[in-house]
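Chain nomenclature is as follows: A, B, C, D, E and F, assigned in order of appearance, with residue numbering initiated at 1 for each chain independently.
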Amino acid sequence: MKATVSRKAHFNAAHRLYRKDWSDAKNLEVFGKCSNPNFHGHNYELIVSVTGKIDAETGYVIDIKILKEIIKAEVEDTFDHKNLNVEVQEFADLNPTTENIAVVIYNKIRPSLASHLDIEVTLFETPRNFVTYSGK
Amino acid sequence: MKATVSRKAHFNAAHRLYRKDWSDAKNLEVFGKCSNPNFHGHNYELIVSVTGKIDAETGYVIDIKILKEIIKAEVEDTFDHKNLNVEVQEFADLNPTTENIAVVIYNKIRPSLASHLDIEVTLFETPRNFVTYSGK
Amino acid sequence: MKATVSRKAHFNAAHRLYRKDWSDAKNLEVFGKCSNPNFHGHNYELIVSVTGKIDAETGYVIDIKILKEIIKAEVEDTFDHKNLNVEVQEFADLNPTTENIAVVIYNKIRPSLASHLDIEVTLFETPRNFVTYSGK
Amino acid sequence: MKATVSRKAHFNAAHRLYRKDWSDAKNLEVFGKCSNPNFHGHNYELIVSVTGKIDAETGYVIDIKILKEIIKAEVEDTFDHKNLNVEVQEFADLNPTTENIAVVIYNKIRPSLASHLDIEVTLFETPRNFVTYSGK
Amino acid sequence: MKATVSRKAHFNAAHRLYRKDWSDAKNLEVFGKCSNPNFHGHNYELIVSVTGKIDAETGYVIDIKILKEIIKAEVEDTFDHKNLNVEVQEFADLNPTTENIAVVIYNKIRPSLASHLDIEVTLFETPRNFVTYSGK
Amino acid sequence: MKATVSRKAHFNAAHRLYRKDWSDAKNLEVFGKCSNPNFHGHNYELIVSVTGKIDAETGYVIDIKILKEIIKAEVEDTFDHKNLNVEVQEFADLNPTTENIAVVIYNKIRPSLASHLDIEVTLFETPRNFVTYSGK
């Protein structure tokens, strides 16, 4: 029997949408107010979902305490109360759209979880805007 | 890399469940208090999800501002503060169940989005009752 | 020791904002799209709060099951899946604004609760618009 | 046309995570504070999703009142305000992890729904921890 | 200038409503299924609100990190994943109604906060049932 | 009859907690990670509550469309997608704690509303941290 176990987490961060190789004018044209050079920010809500077989002995797909610790180590400790563009190395040359942040989170978490487990990341930038990525 | 971008929206509307070709008695028997001839109403919450490749240049599957505008033009402007049975042409001869409203919303939005994008519509009639439709 | 016990409930209803003694044009001018003659509707969320002494024997201000039953009898049974303007007598000559609905709910519930208890009603018309009334 | 209809429900219950064939020390080692012999508890939130064809006559995949009654009869009436380990027979020899509770709920509901309908169960143990199971 | 700073926290616990000096029959008659001798449980959500002057130097009424730590030390560490009746000394002879739990939380937190600050505790037993107590 | 009408709004902004007249070391000591010189950010949720008499003619304390427009003009247009420290003049020499932001919002909104109306502002910095200010 396979099931999906999900854990919600959150972090607060500043960011701006822009490409270094574009002028400010082009960044403004494409990304609008999200490209404000002085940054803005969000309370990001994150759901990490792990799909695999239910272990007959423990009744767990994964111990959710372990999943919680992986999210803390890989995401919260490096993203929370940070400026994503300035302080998180993965975004040094990558535009921190919700899509790209979800991909980065997936790639940071994936190696900590057994390869037979499927992973899906859902990231809420606001309560009305969110992105799902599952490594495909 | 493919991801799913979702946008939440909402509209307030009146409706009743009924079929014109049935008697009031049969409508009441099948649809219960939802068939009240004087109508009742809901704060509908809508999630439109768009799946496609992440554009390497912008980091977007779709500019969510564009998705927001499509939802406004196709759904909010025609459904909000309206009586679905009386004022929305798609329900002139179609029972406005949550299932059918979700299908109508899908069909209204689909032509505005590139054909390589997959669309899914989730419609909450109440916080406890909701329907998902993806054109299949 | 005094405490406040609150119970959430909900009902779905159709309504329109208008005064019979005004023309449709004036109703539209003052109440905008909320005066749509074909009605629109909401999932109303209701909180009834009761303040009084904590009974030393039971540890209750009020048995919340009793409060739940009063709300059901006085509000849900008469408002849910109804058209407030057409089917609820209190609005025969009273404009069903959120303010007025909150006052009507207060007045319907007040006689069922002991006079030494203070009552407050909070009514959400939408998740973003709500009104509080406490009989003052 | 196929759609998915979902209904949310809830129940409050006590439980502990443990295996009878393990020592208290081993249960504590594996399940931590969740294995407290005196029990702890949760407000479980449940979503049951039913996927099938939209009936052309009614506009329903399933009458959600019927789905609500099935959930009440099969889950709420037997789980609500209960101690899962002590009072729910399915957990007499099964560790009530969220995964296992979701599987038990699926198995209890499945026979009441036509076999051409696909079922998915999502169970929130807390707002931050939840499990999805669909019989696979 | 005075403001109110609020912090939300939560804990999961088992409990039953009953008085030792009453028979099981009387407990059942008064407290219904909440008196189940095998216990049931809740995800309690707690809001602690602190009212006082805004410090002109820091812009704080209280450093919310300190408030968070007080709640953790006084409430979460002693209530979370516990059986309130069996393991929390304050309820050895006190019925753990939401009202009484709110009073106990208030009394545990009050001494850790400066006396010029006003305190209010709101405790959600479920999303639909909650109690507010402010020491009066 | 007096009632309180409330409207929720939101804005996304970057900020840091710090005083210009303090060293970075002292800012870090007092404000912790919230003083990150590269900024972080939040999805602020705002509730503005207006208390006054219910107008017998309209059934309104205030037309909530007008309240919505005041919040948009005074708060959203100047705070949304902005860096509070750098781009909002009120914080040029004022530490943007949640307390101080709530006071600034109150002071910006107060002149647009008739003096016989009482105003209260509740500002959520995160879903777990919020502040209420009512001009006292």
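A few notes on this one:
To be clear about the criterion, contacts are C-beta pairs under 8 Å (C-beta built on N, C-alpha and C of every residue); 3 or more make two chains touch, one makes a residue touch a chain.
Since the structure is predicted, the reported quantities are computational estimates derived from the model, not experimental observations.
Path length between subunit B and subunit E in the chain contact graph, taken as the least number of steps between touching chains: 2. Ranked by separation of Cα centres from subunit B, the top chain is E.
Using mean Cα coordinates as chain centres, the one most removed from subunit F is D. Residue-numbered contact pairs of A-B overlap by over half with those of C-F, the repeat interface among B-C, D-E or C-F. Rounded to whole angstrom units, the spacing between the C-alpha centres of subunit A and subunit F is 28. Annotation: 42 Å between the Cα-based centres of subunit D and subunit F. Multi-chain contact residues, meaning those touching two or more other chains, occur in subunit B at positions 127.
All chain pairs in contact, by the document's touch criterion: A-B, A-D, A-F, B-C, B-D, C-E, C-F, D-E, E-F. Interface residues of subunit D, counted against subunit A in their complex, comprise 17, 19, 30, 32, 94-100, 102-103, 127-133, 136. Partner subunit F is touched in their complex by these residues of subunit A: 10, 12-15, 33-34, 36, 38-43, 80-83, 86-87, 126-127. Against subunit F, the residues of subunit E that register as touching in their complex are 1-9, 49, 54, 57-61, 64-65.
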